[in-house]
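Each of the two complexes below includes chain A, the first together with chain B, the second together with chain C.
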Partner chain A sequence: MDIIVSVLQNLFSLQALLVLVLGSAVGMVVGTIPGLSASMGVALMLPFTFGMEASYGVLLLVSVYCSSIYSGSISAILINTPGTSASAASMMDGFSLTKQGKARQALDISLNASIFGGIFSGVLLLLLAPQIAKAALTFGPPEYFALGVLGLSIIAGVSDEGLLKGLILGGFGFLISTIGIDPVSGIYRYTFGNSNLTAGIDSVSAMIGLFAISEMFNQLEIGAKRMVQAVKVDNEGIGMRKMKPYVPTMLKSSVIGSIIGAIPGTGSAIAAFMAYRQAKASSKHPEEYGKGSLEALSAAESAKNAVTGSAMIPMMTLGIPGDAVTAIMLGGFTIQGLAPGPQLFEKSPILVYTIMIGFLLANIVMMLEARVAIKAFSKISNISNHYMIPIVMACCVVGAFAINNNLFAVKIALIFGVMGYILPKLGFKNLVPILIALILGPIVEQNFSRSLVLSDGGFGIFFTRPLSLIILLIAAGSILLGLRKKK
Partner chain B sequence: MKDLIKRNSGNFVFLVLSAGVFLITSGQISSKSNDVAEARRFPYMMCGLIAAMSLLSILIDIYKWRKKELEPQTAEDGRKAYAWIKTIIAAALIIFWFTMINMLGFIICTAILVGGITVLAGNRNVISIAAVAIATALVMYLVFAVLLQTRLPEILF
Partner chain C sequence: MKRRSVGAAVVLTIVLGFGLLGCGNSNTGTEGSSANKETETTSSAETTSNSVNYPKKDIEIVVPYAAGGSTDMVARAFAQVLSNYLPNNVNIAVVNVTGGNNIVGTQEVYSANPDGYTIGCIAAAPLSIVPLYGETEFTHDSFETIAQVTSIAQVLAVSANSEWNTIEDVITYAKENPNAFTYGVGGKTNVSNLALSYLMMQEGVQMKSVVYNGNSEVLTAFLGGHVNAYTGAATDIKEYVESGEAKILLNMGSVVEDFYADATTMEDLGYESVGDAYTGFIAPPDTPDEIMEILETAFEKAMEDETLLATYANIGIQPVFLNRAEFQELISQTFERNKEVLKYLGEIE
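Presenting the complex of A and B:
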């Protein structure tokens, strides 16, 4: 009882609320700007936590994390460019809705589903953290490989121009992902002596080029007055009450997101794509997916934010970061003199529960702030192209530069921009398979090679481990189901 | 026949690309260690996949063309001739931005980029173009350099 009182006193203090409000605002700015990632936002806030009390310092980082993962979808919905790679799955339906004049609805669905996923995983964090962490640790390279394959199976679902085109683009994206040092042998591939290529192609600069710069090129070519043409912008939003039809989808997606998030080294992008695929397979209207389906958007968004809470589970219970952002947050814990792991729960229960309940509060504060911001954001689609194109282009160029403070990323974004402009003219209009393969390629390749090292080159390892076999069967089943539904 | 070639131009591009990458892979990824085969595995697999799928797409279209089942291609939505020149100029402005930024500085280069693209977007009002260019460059500088502490090229002007 004393613990609960102390936790509530901590959380409902003016300092805590200020920290949450500030963190959410910073996260929203960072997440919305293409090129700035959630990990950059958290790293940026890290120095500010030096002088803070431990619980407030960690709460600041948590609120930046939740908010930046959510707000990556704002630019995905409005200008067809995900602010972070986590929002790539939301782009297809989100931007289609904006083109139909339903930007406000898309933004509302995105926010409500993100809050749902975030709170769902926050409750899991509070109730089941140690158990989930133990289960997630049973994942080895074969399981990670199978998970990557399951993620790639989404290509079959999103290839509305035919599976062959989807596979060509997927293969192309995978090929691009092999640029750099081979993860197992350490051999340089396609670097041509350029040191900038040794780390491979950054998926965010590729994304900025493929979807945003190419879209701006197209807008210039068409000479349209507005990005969203001849459509009345619907200002009617979607409140929590109207979310009822999407609750089953959000629930399933949140479960998927929570499971994926708890597995170290996966991340929000893979969770969002998997939830999208699952939702499409079980939907009554799969034909609407990719063309502006609110259900699809709710699936991707809830899974994406469900990752935030569960990614903190291995970090807090075992000291193992779930993704890049929690790795930086782990640094935040160290700054405060805390050592995450089982002992943290015994030594500092008040701090642990302040963070866990604070996570839920961070989602609520984010919702309140975003509700105000959405009204302004939804009007962006009304701005004339005379202003919109140059501003978005400048954001893309500077955003690509800001990823690593490197001009090379701008060159990459431009190359992908030209690619995104030319490929539709060659009959490849849906470029999402390139992005999926670019994000998941390294996970698949790395874990495939590692598995073969473990098994001395035997492929049986993927089929003799129950978890790996089950995931691969699900992947095969979802591809077949997707193909059958298309027929 | 012309329509068939035009329709499959993308597949031909990917077919040539996969062959090119295959040749580069066999030439460039070379080492005396035993790991070479491992490093080449996925690139080879992907080249094979792309080539097979492109070839299959072409063959399916040839089959449909011979059976006269191929639907005529719809024309592009009324785009003006030479409209792609705007794209080339926009790309050139981005190239200008990243080649000149270390010489001219962030604000000037960004203002030129934004101003140039504003003109390409159809704005002919000089005051409006200048205002958008300068304001965008300054806001970008404030957001990235001041608020987000991004290390922009040091020369300001």
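Presenting the complex of A and C:
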């Protein structure tokens, strides 16, 4: 009981609230700007935490994390440009809604669903962290491979204009993902003696190019005054109560997001796509997906934010980062003198609970701030293209540079931008499969290699382990289902 | 009219792209390598006089490792206190440039302006292992070394309730079951991989290495029981040793901390201590001597700083200092030894 009292005292102090408000604001700005990722936001705030008390320092990082993952969708919805890769799945439906004049609704659904997902995973964090962590550990190389294959099978569900085109693009994305030093064998592939290519093609720069820069080219071609044509703008919002029809979808998506988040090494983007796919498969109106389905949006959004809470599970219970952002947070913990891991719960229970309940609070603070911001944000679509296009291009260039403090990423983004402009003209309208394959390629390939090392070359390893077998069966089922529906 | 403006935009982009492509890769790399760069390229000309006014502006430490990792934390620890030991009270910023087995970031330091405003923080691998594969522009003695500041011992750990209680048990097991014992390692060119390969070479045994991306992935795999042993930095597994879940059987380095004071060392087995992931700071080639001296002195003094030492304790590492010449000597020595190991493994000719 005293623990709870201390925790509440910590959280409802002025300093804590200040930290949460500030962190959410910073995160929201960083997340929305295309190219500035969540990990950048957290890394930026890291030095500020050195002077703070441990729990407030961590709370700052946590609130930046949550809100930057959420706010990537703001730009995805309004200008067809995901602010973070996590929001790539929300882009298709979100922007379609904006074009129909329903930007406000899209933004509301995005916020509400994100909060739902965030709080869902926050509760899991609070109640079941150690158990979930143990379960997550059972994922070895074959299971990761299977998970990657399941992720790739999403391509089947996302290519509206034919499986073949989706596979071609996916194959292309997969090929690109092999560029660089293969970690498992150490072989240099397609690096052409350029040291920058040893790192491979970063999916964030590819994303900026394929979806943001190319969109700017499209806008130039259309030559319109603004991104959204003068459709009757529907400014009616969607409050929490109106979310009821979406609850089953959000629940399923949050579960998916929480599972993916708890498995170290995966990320929000994968969770969002998987949830999108699953929601589409079980939806009553699958034909709307990709064209402005609020249900699709709610699925992608809740999944992506559900990753934030559960990614903290392996971080806090095992000292292992769930994704790139929690890796930075881990460093923040260590510099503060805390050691996440099995002993953290025993040695510093007050701190641990402060963080976990603080996470829930961060989501609430974010919701309040975003509600205010959304009213202003939805007006962005009204800005004339004369301003929009140069500003977005500038943000893209800065964002791409900021990925690795290196101009090379900018070149990649530009190349992909031209690609993203030309490909639709060749008949490939939906470029998402490239991104999916680019992100998942390394996971699939590297874990395939590792599994074969462990099994001395035997392929049986994927089928004799129950977990990977189950996941592979789900993937097969998903693909077959997709093929059947086409007929 | 619309077609023309799009065409113009695309052409402009392609031109811009080529322009960047052309400029970005040169050795004299003055573009974009550091965010803080001002257009003062005359600074190198000014340093030919005896009294050098350095530093005049902010210094950037490039870390070829991800934020939050142990090398990054060392760099940040210094970034916090170093300006107290340099004249003019400038700011010191840490910039992470990751990728390609640390090549991207190391290359950036290599191509940076040798004016003392861009320095690098590296561990052993980028200089003493990676260049052996022949794909990098830089090699073990291409840089101006500033100082070594710590050494993170690489260890081998197994699960507390496994059948192996000593490293000799492991070696015996490996002799009887070649290629059956699996160990996880955070990168093919990581110090721990080379160190363990060296041991295998000397003992004539074979174990299977499962290569991951970084120590935390290895830890995950180890905790999940997917590999028999964890090999990597002692700092990353400290929590589990203290909680009793893991036991460190072999200390491949020369640094000993409390939590593995009992572990067998390479020297106990009669071999050289090859598993030290020494961490230090480097500067681009041809950085003037006057600047190098200022930096070296600053780092040497910073090693006594209380805040720094406290951060070291938090991270779980010890201060180990070698000056410019000694550090370069160490790097070159390990480079030669690693060459032998890689040749034995058939990785290089």
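We adopt the following convention: the second predicted complex is superposed on the first by the 487 of 487 C-alpha atoms of A that agree within 3 Å, B and C clash if a C-alpha of one lies under 4 Å from a C-alpha of the other, contacts with A are read in each partner's own complex, and residues count from 1 in each chain.
The criterion applied here is as follows: a residue touches a chain if its C-beta (ideal position, glycine included) is under 8 Å from a C-beta of that chain, and two chains touch if they have at least 3 such contacts.
Not measured: the values here are computed from a predicted model.
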item	value
Touching partner for A:Val410 - first (chain B), second (chain C), both, neither	both
First (chain B), second (chain C), both or neither touched by A:Gly332	second
Partner chain(s) touched by A:Glu221 [first = chain B, second = chain C, both, neither]	both
Touching partner for A:Val418 - first (chain B), second (chain C), both, neither	both
Contacts of A:Ala25 with chain B and chain C, given as first, second, both or neither	neither
Partner chain(s) touched by A:Pro342 [first = chain B, second = chain C, both, neither]	second
Chain B versus chain C as contact partner of A:Ser185, first or second or both or neither	both
Residues of chain A that lie at the interface with chain B and also at the interface with chain C	184-186, 188, 213, 216-217, 220-223, 401, 405, 407, 410-411, 414, 417-418, 421
In the complex with chain A, residue positions of chain B that touch it	7-11, 13-14, 17-18, 21, 24-25, 28-29, 31, 33, 35-36, 38-39, 41-43, 46-47, 49-50, 53-54, 56-57, 60, 77, 79-80, 83-84, 86-87, 90-91, 94-95, 97-98, 101, 110, 113-115, 117-118, 120-123, 128, 132-133, 136-137, 140, 143-144, 147-152
Residues of chain A touching chain C in the complex	39, 43, 46-47, 50, 137-141, 180-181, 183-186, 188, 191, 193-200, 202, 213, 216-217, 220-223, 264-265, 314, 318-321, 324, 327-332, 334-337, 339-343, 401, 404-408, 410-411, 414-415, 417-418, 421, 446, 450, 453-454, 456
Contact footprint of chain B on chain A as seen in their complex	29-30, 33, 36, 40, 44, 164-165, 167-168, 171-172, 174-175, 178, 182, 184-190, 192, 213, 216-217, 219-223, 225, 385-387, 389-391, 393-395, 397-398, 401-402, 405, 407, 410-411, 414, 417-418, 421, 423, 426-428, 441, 445, 448-449
Residue ranges of chain C touching chain A (in the complex, touch as defined)	1-3, 5-6, 9-10, 13-14, 16-17, 20-21, 24-25, 31-35, 62, 66-69, 72-73, 76-77, 80, 95-101, 103-104, 107-108, 133, 135-137, 179, 182, 187-189, 208-213, 216-217, 219-221, 223-226, 236, 238-240, 242-243, 245, 311, 314-315, 347
